Amino acid sequence: MMDDFLTVIALIISLNAVICLYRAAVGPTTQDRVLGVNIVGTKALVVVVLVTFIQTESFFLDVALVYALLLFVVTVAVSRYLEAEGWKEVA
Amino acid sequence: MKNLLALLFIAALAALLLYVVANMPPMGDPENPTATHVIPRYLEGAEEETHTVNVITGIILNYRGYDTMGEVTVIFTALAAALAVLGRERRGRIYAYVDRSGVPSSVIVRTMVRFLVPLIVLFSVYTILHGEISPGGGFQGGAIIGGSMIVFTTIFGLYESSRRIPQKVRFPLEGAAVMVFFLVGVLGMVGGGDFLTYAWPKAAAALHPALVTWLTVLVEIGIGLGGAMVLTSILFCMIREEEEIAVVA
Amino acid sequence: MGTALNLVFITLLVATAILAVFARDLLAAVIIFSVYSLIMALMWQRLQAPDLALTEAAVGAGVTTVLFVVTIFKTRRREEEEGE
Amino acid sequence: MTGDSAVRKKILLTCILFLFWVIFTATLALYDLVLGAVSSALVAVLTVALLGRALDPRITPMVLLRLPVFMVRLIWEIVKANYDVAKIILNPRLPIDPRIVEYRTYLPDDLPRTVFSDSITLTPGTVTVELTGDMLNVHCLCPYHQEGLAGLERLVAWLFGVKKEGPARGAQETAFAAEGGAGSLTAGRPERGGEV
Amino acid sequence: MAKDIVAGALCCVGTFFFLLGTTGLLRMPDVFTRLHPSTKCDTLGACSIIIGMAVHSGWSWELPKLVIIACFLLLSSATCGHAIGRSALRRDIPYWRKKTGEVEGGDGS
């Protein structure tokens, strides 16, 4: 019962991520794409947590932690590169 | 015409693949050919023979130690190739790339990174040291330390990070993975077993029952440190610029 | 229900793969490829392979993305418009 | 920083990291506890070598005690922020009038300013896009959103025990000057072995 | 049973905020305004689902880990939003103004 409910929630969130992928794919600027990746990553993290409880395997929470850490690393490092480099946006 | 031909070829390939997939045995079925020969042996014997609770670690470090040693050597070779193309920085010189643009990094991000780097490193140490019990291990932990070094380098600049992680620290640790693996393998030979049998099998049990586990953890630590330093060095030699900005005596 | 979840993941995977291949901007391709790695880690989790999920999340989404971005800034960013 | 207080800071950092280690490993077995003590001490030493200091000097026991209250109030602010943003997003006319305003804060150090700007990012209709010195550039979704900043600043000042000095300074709209206040490559570089 | 109801309610709230964030991400006109729904709605959505799962797991070792993930997400999403906004500002990406109905600021590149 609870598992089915959690699966439905995970399903809705993943469909949501498909829509957010639009921003990552066509976003006019590169910053839009990075934002899209960050958002899809947050949704993926939540899905990891939900699937952990659907499959009742608590060690997958480590994967969720790694997701959170690496999302921070990627977003910060890539936006630092974007702001520091002399690239003009070729929209 | 060329496009049409390529499309046809891809369609044929897709049809072939789909046909093969349709005829594959169902996933997770215990009757599958892959699950009937070697897997039961691993699942039954691993905990007793390799003294690791996580069977995956037992398989990749013990049963298939040769493969893993090859993989570790491949990572080391990647570093060697990157250094062969781009060159290592000269000792005593300090280079800059990201911090050269004149745009200082954000104070907020700096404070956050300062706050989070200890946590990231601690988590990766946990991943490395608990590789034999929970998922994770040397490769994963090394990659996470590499990630923390990447964020440190991009935020504080190559000038700072190449001073904090100097070449004389990185140089011996880059080879740590291969060296530790090799030494542990030779330890097995000294004890009268074969290469990579994890300590002298007869003496180990008499000396201490957990000795094999500790050797596995030792190999994990080696792989983790080596992987992290290889990633850091690759990043450094990629973002370095030829023009030096300072000379340290 | 679980099958539907897997189907959505696979759809995302294929969509990101196609988008990454067809992106003209190399930086966009790299950024979309990191989404591919994230979804791939989810897939490994569905297949109950936590070790691989950890590796994919750490190496695929984290380290390679930044290294690719560094490489792109070292070289040219736009794909060469040749022929046609 | 005297040697004694540096050692005390290191020990405090080790204790905090050890707490995290226990949560990560999720056991209380003796072997894991010993391993955790050793590795958190090791990580503390490495961190000091890497960052030049153990903990921010602004983190004191008082701040740690006040943190839960601050978190509760911040979460309440976040909930209000979401209600506000929800009203704007779901409105079919999308009633936004975005602008970048400058806000001069009286909070002294990096850490209070960081906490303040992260709180701004999480509360109604405002995102901190730049922080140079004591000047914050805040992107506001609607003009009335910038009214909440002063209250938030008081909250953060209470958390860090900072007294307000000088006359009140409000937010004002300006054009953002891209080069204003940006340090150059060599400006403010610490000496060897100092903090980063 | 009450535990499950609370967890389910928190999950529903989180999903609602996720949907809201996606709507905002698609509707908003430029990258600065898109930061608002993404930092606020996504953070609250993710945190409430994670806290809901913590309620669902009850008193176990998973509870503190989930709380750590939630706190970390709170910190990191605020910082990530700031980092993206700052890089957009530094790259002179024009921002959307209501008065003229078109973009200004930056150098219009």
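Here the chain labels run A, B, C, D and E in written order, and each chain numbers its own residues starting at 1.
Going forward, a contact is a pair of C-beta atoms (placed from the backbone, for glycine too) under 8 Å apart; a residue touches a chain by one contact, two chains touch by 3 or more.
As the structure is a computational prediction, the values presented were derived from the model and not from experiment.
Peer 1: Along touching chains only, what is the step distance from subunit B to subunit E?
Peer 2: The fewest steps needed to get from subunit B to subunit E is 1.
Peer 1: B-C versus A-C: which has more C-beta pairs touching?
Peer 2: Higher contact count goes to A-C.
Peer 1: Of all the chains shown, whose C-alpha centre falls nearest the centre of every protein C-alpha atom combined?
Peer 2: A
Peer 1: Distance from the CA centroid of subunit A to that of subunit E, rounded to the nearest Å?
Peer 2: So the centre of subunit A lies 11 Å away from the centre of subunit E.
Peer 1: Return the distance between the CA-based centres of subunit D and subunit E, expressed in whole Å.
Peer 2: Those two chain centres are 17 Å apart.
Peer 1: Counting in whole Å, what is the centre-to-centre distance of subunit C and subunit D, each centre being its mean C-alpha position?
Peer 2: For subunit C versus subunit D, the centre distance works out to 32 Å.
Peer 1: How many angstrom lie between the CA centroids of subunit A and subunit B, rounded to a whole number?
Peer 2: Each chain's C-alpha centroid was found; their separation is 24 Å.
Peer 1: Residues of subunit B touching 2+ other chains?
Peer 2: Where subunit B meets two or more other chains at a single residue, that happens at 99, 103, 106, 108-109, 112, 115-116, 119, 123, 127, 135-136, 140, 144, 147, 150, 154.
Peer 1: Residues touching two or more other chains, restricted to subunit D: which are they?
Peer 2: 20, 24, 26, 117-118, 128, 130
Peer 1: Can you list every residue of subunit E that touches 2 or more other chains, as numbers and ranges?
Peer 2: Within subunit E, residues 35, 43, 61-62, 65, 68, 72, 75-76, 79, 82-83, 86, 88, 90 contact more than one other chain.
Peer 1: How about subunit E: which of its residues touch subunit B in the complex?
Peer 2: For this pair, the touching residues of subunit E are 72, 75-76, 79, 82-83, 86, 90.
Peer 1: Would you tell me which residues of subunit A are touching subunit C in their complex?
Peer 2: Its residues touching subunit C are 4, 7-8, 10-11, 14-15, 17-18, 21, 24-25, 30, 33-34, 36-37, 40-41, 44, 47-48, 51-52, 54-55, 57, 59-60, 62-63, 66-67, 69-71, 73-74, 77-78, 81, 85, 87, 90.
Peer 1: Can you check the complex and tell me which residues of subunit B touch subunit D?
Peer 2: Checking each residue of subunit B against subunit D gives 96, 99-100, 102-104, 106-108, 110-112, 114-115, 117-119, 121-123, 125-126, 129-130, 152, 156, 159-160, 163-165, 245, 248.
Peer 1: Which stretch or stretches of subunit D touch subunit E in the complex?
Peer 2: Listed in rising order, the residues are 20, 23-24, 26-27, 78-79, 81-82, 85-86, 89-90, 94, 96-100, 117-119, 121-122, 125, 127-130, 137, 139, 141, 175-176, 178.
Peer 1: What residues of subunit D sit close enough to touch subunit B in their complex?
Peer 2: 13, 17, 20-21, 24-25, 35, 39-40, 42-44, 46-47, 49-51, 56, 110-111, 113-114, 117-118, 128, 130-132, 182-185, 187, 189, 192, 196
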